[in-house]
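For reference, chains read A, B, C, D, E and F in written order, and residue numbers begin at 1 within each chain.
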Amino acid sequence: MPKKYETPLLDELEKGPFPSFVTEIKKAAARSDMAADELGQLEKSYRDKRGYWKHGGIVGVRGYGSGVIGRYSSLPDEFPNVANFHTVRINSISGFFYTSKFLNEMCDIWDKYGSGLTNLHGSTGDLVLLGTNTENLEPIFAEFSSRGWDLGGSGSALRTPSCCVGPARCEWANIDTLDITYSITQEWQDEMHRPAFPYKFKFKTAGCAVDCIASIARADCSIIGTWKGNIAVDQAEVANYAKKGMNIQEEIVNMCPSKCMSYDGKELKINDADCIRCMHCIAKMTKALKPTGEKGATILIGSKAPFVIGATLSWVIVPFIKMEPPYDEFKDLIRKMWEFWDEYGKNRERIGELIIRKGMREFLEFIGVEPQPQQIKEPRRDPFFFWTEADLQK
Amino acid sequence: MALPQRKTDIGPPHYKDFLPPVIQKNYGNWKYHEIINPGVMVHVSNSGDKIWSVRVASPRLLSTDTIRDMSAIAEKYCGGYIRFTTRNNVEFLVSDEKNLEPLQKELKDKKYMVGGIGNMISNIVHTQGWIHCHSAASDASGIVKVLMDEFADYFTTKTLPNKVRMAVACCVNMCGAVHCSDIAVVAIHRKVPTIDHDKVKNMCEVPSTIGACPTGAISPEPSKKSVKINADKCMYCGNCFTVCPPIEIHDPEYDGVAIVVGGKVGNLRSNPKFSKLAIPFIKNNPPRWPEVTAAVRKILDAYVADAKKHERVGEWIERIGWEKFFKVTGLPFTFQHIDDFVIARETFRTAATFKW
Amino acid sequence: MPTVDFQGKQIEVDEDGYLVNLDDWTKDLGEQMAKGDGLDLTEAHWEVINFLRDYYAKYQIAPMIKILVKEIAKVMGPEKGNTKYLYELFPDGPAKQACRYAGLPKPTGCV
Amino acid sequence: MPKKYETPLLDELEKGPFPSFVTEIKKAAARSDMAADELGQLEKSYRDKRGYWKHGGIVGVRGYGSGVIGRYSSLPDEFPNVANFHTVRINSISGFFYTSKFLNEMCDIWDKYGSGLTNLHGSTGDLVLLGTNTENLEPIFAEFSSRGWDLGGSGSALRTPSCCVGPARCEWANIDTLDITYSITQEWQDEMHRPAFPYKFKFKTAGCAVDCIASIARADCSIIGTWKGNIAVDQAEVANYAKKGMNIQEEIVNMCPSKCMSYDGKELKINDADCIRCMHCIAKMTKALKPTGEKGATILIGSKAPFVIGATLSWVIVPFIKMEPPYDEFKDLIRKMWEFWDEYGKNRERIGELIIRKGMREFLEFIGVEPQPQQIKEPRRDPFFFWTEADLQK
Amino acid sequence: MALPQRKTDIGPPHYKDFLPPVIQKNYGNWKYHEIINPGVMVHVSNSGDKIWSVRVASPRLLSTDTIRDMSAIAEKYCGGYIRFTTRNNVEFLVSDEKNLEPLQKELKDKKYMVGGIGNMISNIVHTQGWIHCHSAASDASGIVKVLMDEFADYFTTKTLPNKVRMAVACCVNMCGAVHCSDIAVVAIHRKVPTIDHDKVKNMCEVPSTIGACPTGAISPEPSKKSVKINADKCMYCGNCFTVCPPIEIHDPEYDGVAIVVGGKVGNLRSNPKFSKLAIPFIKNNPPRWPEVTAAVRKILDAYVADAKKHERVGEWIERIGWEKFFKVTGLPFTFQHIDDFVIARETFRTAATFKW
Amino acid sequence: MPTVDFQGKQIEVDEDGYLVNLDDWTKDLGEQMAKGDGLDLTEAHWEVINFLRDYYAKYQIAPMIKILVKEIAKVMGPEKGNTKYLYELFPDGPAKQACRYAGLPKPTGCV
C-alpha cells in the first residue's frame, strides 16, 4: 500500500468542471509508491510555493544519449520513492493516432515499471512516461522497443518531429504531414538518439498556413504546406454561406490581408496573383473555396523560446519546395543546414541564432539557396552592406 | 522474468497502422468539414465517406486508469481508434454515425468535458511545473486547472469572436507556445540568483555560464574560481541557473507569474505575432491563483465585448491600439512594459499618432 | 551525498556518479568507475578521456560532441570520426560515461 | 580677373530645365578667385570621380567654438584660392523668412569677404556661406553680428533649431513653431556657441503631424503640434468636396488609419475618441475639418543618421505638453534631458543612442516622466525585465 | 576700413521683423488654403485676408547674383518679402493679388522654374558632395540636377498620386532625410579603408576610432601604435575615416550610389517609415549619372502606374508587398538587400504568406 | 606641410597649427604657440593643458568638454566649472587652443 499523504491544498484542485490532474495523480498514487510520493512532494511545493526537484541528471539507456530526462528530488529522505524519478520520452505516432490495443499495452508496461503517470503529450510531441527509477529504464526500453516503439529525442539532438493531423482528417492539407514526419524520423534515428548537434533541433510540419502544430513558433525547421495556383470558387456555396447569414463583405473580403477579393452580393472574385495564401477565406468558407494547382511547402527556419537573444519566429528560407517521397531534395537541404550549424555553431546555439549571428548570406550561400524577396518582410534600411570580391567584379 | 529482446533505432511504428479504415481510404481526399456542436465535427470526403470526431478535454497529465477508460470507450464506439490533438485534447474517431449519440452520452455520464471545437477556448498548452521540473517558478498544471474551470463554458458551449489560444509556462524557458498565444501565463523570478561559490569550480563550466547570460551580467570571479553577477544588469531570467547547478534563483517570496497577450501562430488575416506583456507580475497564490484567473477574465471579457467576428486577441488589440488596450482593461502601465532588451528600439513609438 | 569507495577512501559523487570534487580524480579512479559499468578502458577509451581532460583544462568547458568527433577522426582515422564509434566505446554515451570517467562536471541543460 | 577653367564635364550640367548649380558657381567665379578655384577643383573631381577636400579643420571666431566648418583642399598648389575654404553658418530666421533688404546686405558682405556662393539653406537650416579664407572669418562675424545676426551651431553643440512655416502661413499649426524656435535659440546661445555636449543636439518644430520640417527623422528633439479635442466637421464643405469629385469613402474614410470615420453619402462622422490625429483627413479636406480643443505638442526624442547603430526615428517621450511662452515647463524638461546626457553620454553618442543603451526607464525616471503606453508601439515581448527594490515592495 | 563692433550670443533677429504685414496681422489665424496651380497657392484667413505664395525651384547653391535678382523681384511684387521652404525652394509672398500675374510672368521670362506645390516632385534635399565635403563618395548637386531635369514636368505640371520626396546624400552620414524619403540616393564605398599607420599615433584617437566602427571590425595594432581592420567585418561605412584622418576610404573605381525607397516622415495615414534598399549599387558616372536617372525613372513609373490616390511610395509598396515591388520594377534582388545589421532579424519574413 | 620655427628647429604642423609629430611637444613649444595667438599662459591655463595631457596619456583620447569642465570645477572651484570660464582662458576655444598647446591630435568629426 503506497503511503497516503494529506493534501488539503491539492484537494482544492479537484473541484470545478475541468478534469483534474490531482485526481489523476491520486488514482495512480493508490497503486504506485512513486506516484504517492510525487503527490506528497507536490503538496509540499504548493505549501512552500517552490519546486523540489534538482538539476537534470544524466541517465539513459545503453547505446542512446537521449530519450530520458533524469530527475532527482531535493528531498529524497522525505520522498524516497521519487528520489530518482526520470521521464521516458516515447516517440509518438505521426498525427497522434493510437489504438486502444496499444494504449492498453502501454499502460501495462508503465504500471509495472513506472509511476502510472503520463503526459499525452509533451509539448514537443513525445508520449511522456512521467517518472520512474533508474533501474527500470532498461526494462522499459526493452518492452517498448521489442513491440516496435522507440524513444524520442532529448539533449543536443534531433527532437521528436511532430505534425498536424493533415491529410488524415483535414481538407486543407497541401502536403502529407504524417508521412513527412515519419520519413524524417526514420531517416535521422542516429541524430535523434546520439546527441551530436550544438543544441536541440526540432521539426514541425503543418499542412497549411493555419499551422495547427504551431510550427512557426517552436520548430527550428517549420515545414508549412502551400500551393501555387488559384483558389477555385464554388459560387453556389458562396451563396449558401450568404444565405446562412455570413456577411461576406465584412467577414471575408474586408479581412483579406492582401485585399485581393471582391464581392458584389452575388459573385465572389479573387485576384489570385495578389493572394498571399493566408487561409482566412478558405478556413471560413471551406465548402466554397479550394486551392488548386501545384502543392508543396514553404521551409522556414529558426523559431525558439526566449534564450538567449529573445524568442524568435521561424522565417522563410525556401519559399516553395515539392514535398514528395522520399523527400530527397528536402533532406539534402537539411543536411546542408546541419553542416553549416556543425561548422559554425557554438555550444547551446540554436540554428536560428547562428544564422542571425552570421547573417543570412553566409547561410544561404552555404546551403545553396538564392536570395529572394520572399525571405524578408522588407529590405534593409541602413546603407551598410558587404560586397564580396566576386560581387565587385560583376 | 526475462526481458524481451531490445531493438535500437527502429523509430516509431508506421502511422498507417493506427488510422481508422475510413481515414485510410479517404486519406488526403477530404472535401470539407462541419462543426455540429462544440464537441463534434464531421469531415466529409470527396467519396462521400464521413468521419466524426468527438473531442474531450484532458488535463494532459493522465493516469493509466484514465487512459484505460478512454481506450475502453474507443473500443466500444470507435473500433478502438482514438487520437490526441496538438493541444492535448482527446478525439474519439467515429466511423459509424449511429455510435455518435451513445458515445456522447457515455462521455457525459462519465463526466468527460466535451467541447473545444470552433471558436472556443481549447485546452491550455502547458509544461511540467512543480510536478517534474527543477526550473519551475510556479506550477503549470494548477494554473491551467483553475483557468479552465473559470472558462469552462467557453470550452463547452459559449463561443468567442475566434479561437482563444492560451498557454502556461512554468519558467522563461517557455516549453510551450507562450510567446505566440492569445493569452498566456509565464512564471518568472524577481531576485538576483545566489551563487554557492565552493561548488562552482566542481560542477559548473564557467565560460558556458558567462555565455548563458542574455545581458552579460556574469563575469569571472577568479579568486574563487567562480563567477559573479552584476546585480544591476541581472533581470532574473535564470539561464545561469540552468547551466550551472550551484546557482540558485528560486525565491518563493518573490516568484510568480507574468501575463502576456496578443500572440498567434496561424497566418490567417495577419502574420504570426509574438505575445506582449500585459501584466508584469502576480504573486504565486496556490492552490487556485485567484488573482490570475481574475486578470485573465478581465482581458478576455474586454476582448469578447469589443472584438469583431474572426478577430483574434492580438488583432483586436492592434486595431484599437495598445494604449486603448490598457485603458479598456484598466491594467496599469508600468516601466516593466517598456522593452529594454535587444530589439527595444523597434517597440518605441516613432510617430506622433496615438489615442489619449 | 553518495560516495564511492576508492582505494579505501570515500569519494563523494552525485546521484549520477560524477565527482563532487574534481580534484579527487586519478587515472585509477577513472578505471574503477568504468569497471563499475562493466567496461575495461582501452587505449582508445583513454584517447577520448585524455582529450576531454585536456580540453577542459584549457577551456573550462567540455567540448561539444562535434569537436570530440573531429578530434577522434584526426587521431584514430576518419572512419572512426562519428558518434556511432563513440557509443561503441562508451555504450551509455560520452556524456554519461566518458565525461564521468574523465572527472569533468556533469553536463547540464541539454535535455 | 579670376582664373578661367575649362569645365567640359560640368558644362553638361548647365543643360536641362532645372536651375544649374554650375551656372551659379560660374556666376560667382566670374568675380571671385575662390569660386573660380572651387569650379576648377570640382571639374577635376568630376573627371577623377572623387572629392579633393581634406578632413575638417579647427577654425572659428573668437569666443566661439562653433559656427564655422573648416575645410582645406588636398590640392592647395593646384587650387590655391581654395587651399582653405571654410563655410560660415549664419543662424537663419524662424520659418526662413527674409527681406530683400537683408538679402542684399548679406550679398554685399559675402561678395567682399567670401566666395559669393551660399546654400539657402543647409540641411540643418543654417544660412550657409559657402567658402572663405581663415583671415576673413573675424571680419565676416563682425559685419553680421553688428547688424544683429549671429552664427549657428556646429560641433558637439546645440545646432541651429528650425521649424516649419507654422502659424505664419498654415491653417493647421497647433503651436507657434516660429516663436518656439526663436525662444529656444535665444535661451541656449551658450550651448550653441561653445560646444559642451557629448555630441550634436538638434531641435526641429512642426506645427502638426504633417511634419513639414521632417522633425521626426532628423532632430534629437522633435516637437510636433497636436490637440486634445474633436475634429469639427463642416458638413456643407464635405458636400462641396464630394461635389467637386472627391470620393470621400475611398480617399478619406478608407484611408483613415484608425478607421474611425464613416460616411453615408451625406454626413461624415468621426469617432473622435479613436482618432490618432494623423492629419490625413484634415489635410485632404482642409475646408471641411478643423481640430478643436486644447492645443499643445508631443515631444519625441532621438532621431538621427545611421551611425553607429543604424538610423533612428524620434519616439514619444511626452505625449502632450502645453507650449506657451516662456515655455518653462518644456525648457526644464530639456535641461533634465541634457543633464542625463551629460551624466551618462559617451563621446560622440547622441542622446537617442544613449537612451537606447541605458533603457527608457532610467531616462524617464531621471527626467521625471511617467511610463505611458503612448511612448511605445507595443509592450515588450520577452519576459525578461527588471525590478527595483521599490517595485518589489509595492 | 575699421570693422564694426562685433557682438556675441545675440542669436538671430526676431522673425516678426521679416513677416509681411498680412502675415503679422493674420498670424495663427489662417482658415484654409487652395492650390491654384502647381506654382501658386493662396492662404485665406478667418478675417478674409489672403496671402499668395509663388514657388520657384532653386539649386540651393546660390550665387549672390541670383540672390540679388530674387530680392529685386521680391521688392517689385512682394514688398520685399520672400521665404525659403524647408526643401530649399523659394517662395515669393504676394499680399496684393494684382501682382500675382506679373510676378509669374517675370519669373517665367527669367527662366525660373515655377511649381512644386501639391502632389508633385518638389526640390531634392541634398548635401555638399564634391563641392565642399571631404567625406563624399559621390557628388550630390550633380545628381540632384540630373534627376530634377529628368522629372521637371513633375515639378511644373504633371501630378502624382501624392508628393514624392526625394533626397541625395553624398555619404552614409546622410546629412539629409535620405533615411525617410520616398526615393533617395546615397553614396557608398565598397572597399576596406587603408590605414597610414605612421600617422595614426599622431593624428588619431585610437579608442574613438575603435568605438566608431558599427561592426566592431577595428582593433588595436599595438606594435604600430595604430589600429587594424578585420576585412571580413568591414562594410565600408567610412566612420573610421571620419574620426581618424590617416584612414582613407575613397576609391573612385568602386565608389558609387545606392538607391533606397519607401520612406516618409509625415504621420498621415501610416506612421513615418524608413527608406529601404532598392538598388544596392550604381557606379559613379558623372557628369549626368544616366543609370541613376533611369533607375529612379523605373521606380517612379511603377509607382505612378500602380499607386492609389494619396498613397505615398512606401504605402504603395507595403500594400503590394516588397516581393511584388521587385517584380513590377524588374529590379534584381540580391544578398545586399537582406539585412545583416543590428535589427536584421526583425526584417526576416516570419510568416508563410507572400506573393509569388 | 607648414612648419613653425621653434628654438631654431622646424617643427611640422598642419594647416590649423597642430603638431604633426606629437613627440615634438615641449612645454616651451606650448608657450610659443600661445604667444603666437597673443596669449600668455598662466597657471590656470597650465592646469587645463596638463589635465589634457594626462588624460590623453591615460586614455589616448582627449576628454569630452564636460569632463574637462568637471575637472576644473574640482581644482579651481565650482564657479569656474563652466565653458564660459574655459573660453575666458582660451578665447578661440579649448579645442582650437588648449588641445593645440597641449600637443594633442586635432579633434575631428564634431562639426
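Observations
Definition applied: contacts are C-beta pairs under 8 Å (C-beta built on N, C-alpha and C of every residue); 3 or more make two chains touch, one makes a residue touch a chain.
Everything numeric here is computed off the predicted structure, so don't read it as measured data.
Touch-path distance (fewest steps) from chain C to chain E is 2. Touching chain D and chain F together: E. Taking each chain's centre as the mean of its C-alpha atoms, chain B lies 49 Å from chain E.
Note: centroid distance chain B to chain C, computed from Cα atoms, is 38 Å.
Put simply, the C-alpha centre of chain C and that of chain D have 66 angstrom between them. Residue positions 172, 174, 179, 208, 214, 237, 243, 245, 267, 272, 274, 341, 343, 345-346, 350-353 of chain E are each in touch with at least two other chains. Across the assembly, chain F contributes 61, 106, 108-109 as residues in contact with two or more other chains. Contact with two or more other chains is made by residues 54-56, 63-64, 190, 209, 211, 216, 257, 277-278, 306, 310-311, 313, 347-348, 381-384 of chain D. In terms of inter-chain touching, the protein chains here follow a pattern that is not a line, ring, star or complete graph. Pairwise chain contacts in this structure: A-B, A-C, A-D, A-E, B-C, B-D, B-E, D-E, D-F, E-F. Residues of chain D that touch chain E in their complex: 9-10, 12-13, 15-22, 24-25, 27-28, 35, 38, 42, 45-46, 48-56, 61, 63-64, 71, 85, 87, 90-104, 106-107, 110-111, 116-121, 123, 125, 130-131, 138-139, 141-143, 145-150, 162, 164-165, 167-171, 173, 176, 178-179, 182, 185-186, 189-190, 193, 209-218, 250-251, 255-257, 277-280, 283-284, 286-287, 305-311, 313, 346-348.
The part of chain B that touches chain C in the complex is made up of residues 201-208, 242-245. Of all residues in chain E, only 3-15, 17-19, 23, 27-28, 30-33, 43, 51, 53, 57-68, 70-72, 74-75, 80-86, 88, 90, 93, 112-113, 125, 127, 129-136, 139, 141-142, 144-146, 148-149, 152, 155-156, 172-177, 179-180, 208, 211-214, 237, 239, 243, 245, 250, 252, 255, 263, 265-270, 272, 274, 284, 286-288, 308-310, 341-343 touch chain D in the complex they form.
Taken together, the chain F residues at the contact with chain D in this complex read 14-16, 18, 61, 64-66, 69, 83-84, 86-87, 91-96, 100, 106-111.
Touching chain B in their complex are the following residues of chain D: 209, 211, 216, 224, 226, 228, 257-259, 273-278, 298, 300, 302-303, 312-316, 319-320, 356, 359-361, 364-365, 371-387, 391-392.
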